[in-house]
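Two complexes follow with chain A in common, the first pairing it with chain B and the second with chain C.
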Partner chain A sequence: MSTSMKKNIKQFITSPTFLLFLIFIALNVYFSLATNRFFRVNNYVNIIKQSTMIMIVGCGATFLMMTESLDLSVGSNLALTNIVYTFLAVFGIPFLGIAPMPLLLAGGIVILIGAAIGLINGILITRFKFEPFIATLALLYIGRGLALATVDGQSIRTGIPDGFGSIGNDELFGIPYLFIIVFFIVVSFMLLERKSVLGKHAVAIGANRNAAFFSGINVDRVIMGLYIMTGVLAGLAGILTASRFQFGDPRTGVGFEFNVLIAVLLGGTPLSGGKGTIFGTMIGALIVAVLGNGLNAMDVVRFWQTVFQGIILIGAIIFHSQMKSRGRAKLLAAGTRG
Partner chain B sequence: MKKLVLVLLIVTLAAALPVFAGGGRERESERDYDFVFGKVPYTFEHAYHQSACRTLEEYAAREYNAKVIIIDGEANAEVTLAAIENLIAQGVDAMAMHTGDAGLSAAAVRLAHAANIPIVTTLIRPDIQTAPHIQPMETASSQYMGAEAARQWKAAHPDKPIRVAMLNFGGIPQIWEMRTGAFFDGVKSVDPNAQLVTMLNGYGSTVRSMEVTLDILQANPEVNIIFGANDEMALGALAACEQLGRGKMNDGVPVSEIIAGLDASSAALVKIFDPDSSFKLTHGAVRDVARAEADTMYGMVTGAIPVKEYFETQVLSQPIDFWNTSLAEAQRFLELNFFYTGSLAADVDAARSR
Partner chain C sequence: MEDAFIQVRDLVKEFPGVKALKGVSFDIRKGSIHCVVGENGAGKSTFIKILTGAYTKSSGMITLDGEVFEPKSIRDAMNRGISVLYQELNVVDDLTTEENLSLGQEKSTLGFIRKNENTQKVMETIWGMDQTIKLHMPVYSLSVAQKQVIEIAKAINSECSVLVMDEPTASLSEDEVRRLFINIKKLKSKGITIIFISHKLSEIFEIGDYVTVFRDGHMVGDREVRELRASCGSVPESCVELVRMMIGKVVQEEYVPSKVDYSKKVLEVRHLSNRRLSDISFDLYRGEILGFYGLVGAGKTEIGRVLFGIDPYDGEIWVNGDKQTKKGVRSALKNGVAMIPEERRSDGIFSMLSIRENIPMMNIKTVLSKGLISYPKERKVADRFIQKMSIAARDREQSVVFLSGGNQQKVVIAKCLNRESDIILMDEPTRGVDVGAKEEIHNIIRSLSKEGKSVIVFSSELPEVIHLCDRIVLMHEGRIGEIMENRKDIDSDHIMQVIAGGN
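For the complex of A and B:
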């Protein structure tokens, strides 16, 4: 084994992400010991299925949070795209006399809607200097309202065309399409994070926006692009959710933005930006899913589950700040020695 | 160091909490059961569903030596379907679901049947009728309540036309057939000129219903009969009326309006038997619905009931109102359906003195 490889492995083992991974394993061991119903292949397939939407949107949200931004509108974006996709596939655009659309065309339109929501967020934040919290909160309300208004608050469950549920439920060589899609998205974003300038720019903007600006990074363009990217991912999640459940529901995704936020925070991307990893977010998403599933298997009522989520979040923040202080102490020690 | 200790404390607390929260007994005890049933209630935030689940757990354990795993549907289609998937993944022997959505019920039935797990639905008939169904007979009881409310109003105020407002769940068509529409049919059977002024979504919540009712009464102060499609919404309507100086009766004689609800929880009955409160009618069926669910799951698991054939088990939804139900009957209803251990008369007195 080469020295650099050894160094890389040592770096990974001592990284917060690896420790987070150990916590994830510990949770699995705990639930497996605590209940007979947890440690089953079917249950793991189920856990991964239930965390796919958080993983998909979490990829964009991680990049955003690296830049010290956040997007609270992803849940509403998901709901709006979910219901519009179903509406277009079932009814078309009746007032324009357009018949029900092929799924691919409906999906394309809906991805554009997701991108448009991201674009509006980006414009409000970069051009009109809104705080990300305020801008995306406004879009959260607008998106949810539009989703409900589109169908008068009703869900669409009849007239669903053939093939609507394929992408969310069918398999290729025994592997669900959902897993394949998530795999490609996650790997792409990992490459973006590690091998592209976008990842470096996002970290640089979050670490010190002014320094990033003066070093030639077009900060506004990067942030705008990241909001559009996150909007597109939320739109895709809307389509996949509709397909998975085989109906459209404007009430889908309530609280989804907070699940994404928790996954990203658990994964080690702080609200203050400047660092973060896609891998960490994936582990964070799995921790959220395993926690919910394990507590359900243990027959713990939901009221307590929300208490756990809060406790886990506090624990994660303390854990990450602890790791940060250690990192600083190491740097100082190295500086003193040097 | 301090932070590390804090982290360790939090981890320990997190590990111990599920045990305190009721999940710790499961591993040892599950082996002692013959069956594991699953149940997805509409939402655990409603007293009705909490009591129904508790009844189901106790009855299934006692009669069939079955354990029941309950996963909250959180009044959300996505969460409900995820709960069904979780129960399937955990390999329960049979499951029951209570949701407000016919399409969602159908999707759940399809999922369960694909996994060869028997399922029984409750209240809202699924779009596809391929599994047993428990049907509380709410329509007749809602009609009765509507007629009784109209009779009482006309007796007290023969010159004031009946104007009805309703709070529903929104997006559940069968609620019209069983609750809101049936209630209004009852009102019209007494006064054909009665008008339905408005029907808005109270979201099944007391707080939201209070806000909505304030808006309704602001725009339509002439409203004199209000129906909430569950007790939580009726209690919200009452709170709004009281805030506006209404919500009163004169020893059971209507003054400003009559409010009706549904589920017959203890919070509702305390108001209903207060002669000075305008909340006066409700109906409900908890125990018999839960028992029917357990009986059906057991029947399907043992082969006595076909898993993929539709048939309805009908359950009486017992009407309870100030004018026709005795306090003793109401007390007994609460004991049987809501694990009520107090004294309704004492609770009514205590509420009046506040």
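For the complex of A and C:
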């Protein structure tokens, strides 16, 4: 028992995810030493808040990338749901004579919109055999255009109803609702990853799509389901951002899809699929947020932050490919049996 | 031989762990059509690859027109006049005929492509074979046969003296084959030496001058086709002598009849036809091991694919008395038909996943507990199969990619058995596994039949089917030649005659 525990511990501390975690700690130490505005409880609450949207959508995106798919439309999805949610809450549907809606109803409708975008992605990819990149790029444009068209390019800042900012800002026993929601989603996705048939099938599809097909796994349905799931999560993120900042903005979430992509890649899920962990993506999301926040605290101009993000991405990919070739060499040295 | 254009002497090619060619010697005459035949793994493609510069030999010698010939690369071989017409044609679909002809040899002024005088010459060669091909046609609008014509013309105009054709008829219609043969004869009359690789014996008799047979890395026969035809009598296509050379001596070992329940028909196939199959009808009984045997390309895999719901078909399939209406892999599995695919690596295993994760993939229900994956159940399922099938692995967490071929195949079989299907299709169940694992896999198949399951084995190894199967379906070019009962004193000469297309 103790030897197997030792083995497990050894396996854990040499795993890429753990090393990534060390990099995350190192970034924290660096920023703490470099500026006295970084290492504070308040700032950490901020960092987590900044990473929540990436974490929420990253859960779906990780599953998608495990199957060798990706979704570039999540940023536009977030913007569209953000603005429609605010619009429904403030104006209702004027041309149908429908009065401003209760938040729960508006939220429900908007989640369906998010799901619909996922569904369209899924149909294009499974039925019409689009490349995921192309299908979701098209939806990136359509979603953003619809978001802007809905409000004529204007943001909605007046007439915000009471309680609109509640879910994005209030706390329960001192813990922000936002954290509770993220915690709940992340834990369910970790469960999904390890314990659900969907998770198993997603891994199988990524590992060998042909073998999955020969095993009778319904490849198209799994992929369709994952796109819808990701769409729903992006819709939820749209609601939460609207609530957090207490206004609707059709220009929100520009480049969000790439922040999600970077977090997932940092977390060790390759574009080629077949593996990946929700936990890794969460660390990836935190690294993205810490980097942004820390550089802000050091008064580094925003433009340069983008440069650093790119460099971190390059570093992460090199890191993962090194880990992979080292791991393979070790396993090969252990010998293939005759 | 005096007029030998290519002389091969004691040619050996070793790969780590295997000898693909074990000292091959024969001659190829100038201006002849020389056929090379042999089953998979016989060594013929290794030979071709050495001749065309894709591989370098381990030892031995090849001479070309009296000079020692040791090509360093494919280009090097081409410069010495050896061209290859690959099965996968080397044309770019999106370019026009003209652009394809000058590909890689474009002449340009200041970066702009100039007209190539050579193109006109090649076009004339093309028109000599097929007048319907035009200079400005995009190649994707041409048929496979027409694309072949382009490639042949290119080869001739690069002044080749030897043209190697690797199964050129594999994807041609009968009509196109006839036209190809006319063109091959024209090439011959121009003094070009043709090396023709084929699995279809009828083609050898139709077009070949000489035939060399490879088996297990040896040259086992080198004959003049005319002489062979004379010794074969009235039906040259069914030349038992040739088939026997290709397949070798078959010793009936210990065939043990299964306890077949002939009152329970589990599968009934009637008049199955599709692009590759015609009029296939047979039955399968409970507890039976049924074998499908034929040369490469006889349609064995195609039957498996139809039964497993992958390929479309006309005709009827009845499973346990129910006519199949829905197509697709998932409905086949639901009806109790499971398949072990031929290509283990690309279609069978999830190579980077562990044994524990691989085995339940075909039937995830077996590891669920209250709707969630249960690790203890996964462990139990994996351990049960590792023990039952004696899979040699470090432990159940080992990635399948690091197992030997035989053990990988056992994982694929375990994955399939975990599905608990009543009818199990196995396409080349022991290809690429060592002798010991082969015997173990055969025993697994026998024990399945004892449990009352029915197994169909598709195999291109005769010993495999006659050791294992209760009845053997002999296939020839997409048709069933004969369905025979297996017995201890089975007549292997007769089998060879049937799979060669005779009666």
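To be clear about the criterion, the second predicted complex is superposed on the first by the 327 of 338 C-alpha atoms of A that agree within 3 Å, B and C clash if a C-alpha of one lies under 4 Å from a C-alpha of the other, contacts with A are read in each partner's own complex, and residues count from 1 in each chain.
Keep in mind that, in the parts below, contacts are C-beta pairs under 8 Å (C-beta built on N, C-alpha and C of every residue); 3 or more make two chains touch, one makes a residue touch a chain.
Bear in mind the structure is a predicted one, so any value in this text is a computation, not a measurement.
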| item | value |
| --- | --- |
| Room on chain A for both chain B and chain C (clash or fit) | fit |
| Partner chain in contact with A:245 - chain B first, chain C second, else both or neither | first |
| Contacts of A:8 with chain B and chain C, given as first, second, both or neither | neither |
| Partner chain(s) touched by A:302 [first = chain B, second = chain C, both, neither] | first |
| Contacts of A:188 with chain B and chain C, given as first, second, both or neither | neither |
| Superposed model, chain A: greater residue contact from chain B or chain C | B |
| First, second, both or neither for A:204, with chain B first and chain C second | second |
| Chain B versus chain C as contact partner of A:274, first or second or both or neither | second |
| Partner chain in contact with A:166 - chain B first, chain C second, else both or neither | neither |
| Shortest span in Å between Cα atoms of chain B and of chain C, once chain A is used as the common reference | 23 |
| Overlapping contact positions on chain A, where the chain C interface meets the chain B interface | none |
| Interfacial residue positions of chain B with respect to chain A in the complex | 3-4, 6-7, 10-11, 13-15, 17-18, 21-24, 26-27, 30, 36, 44, 69-72, 74, 76-78, 81-83, 85-86, 88-91, 101-104, 106-107, 127, 170-171, 201 |
| Residues of chain A touching chain C in the complex | 191, 194-197, 199-201, 203-204, 207-208, 210-218, 274-275, 331-332, 334, 336-338 |
| Chain A residues within the chain B interface of the complex | 30, 33-38, 40, 42-43, 45-46, 49-50, 153-155, 157-158, 241, 245-247, 249, 251-254, 293, 295-304, 307-308, 311-312, 314-315, 318-319, 321-322, 325 |
| Contacting residues of chain C [partner chain A, same complex] | 329-330, 333, 339, 341, 346-353, 357, 361-362, 364, 368, 372-373, 392-394, 399, 402-404, 407, 415, 419, 434 |
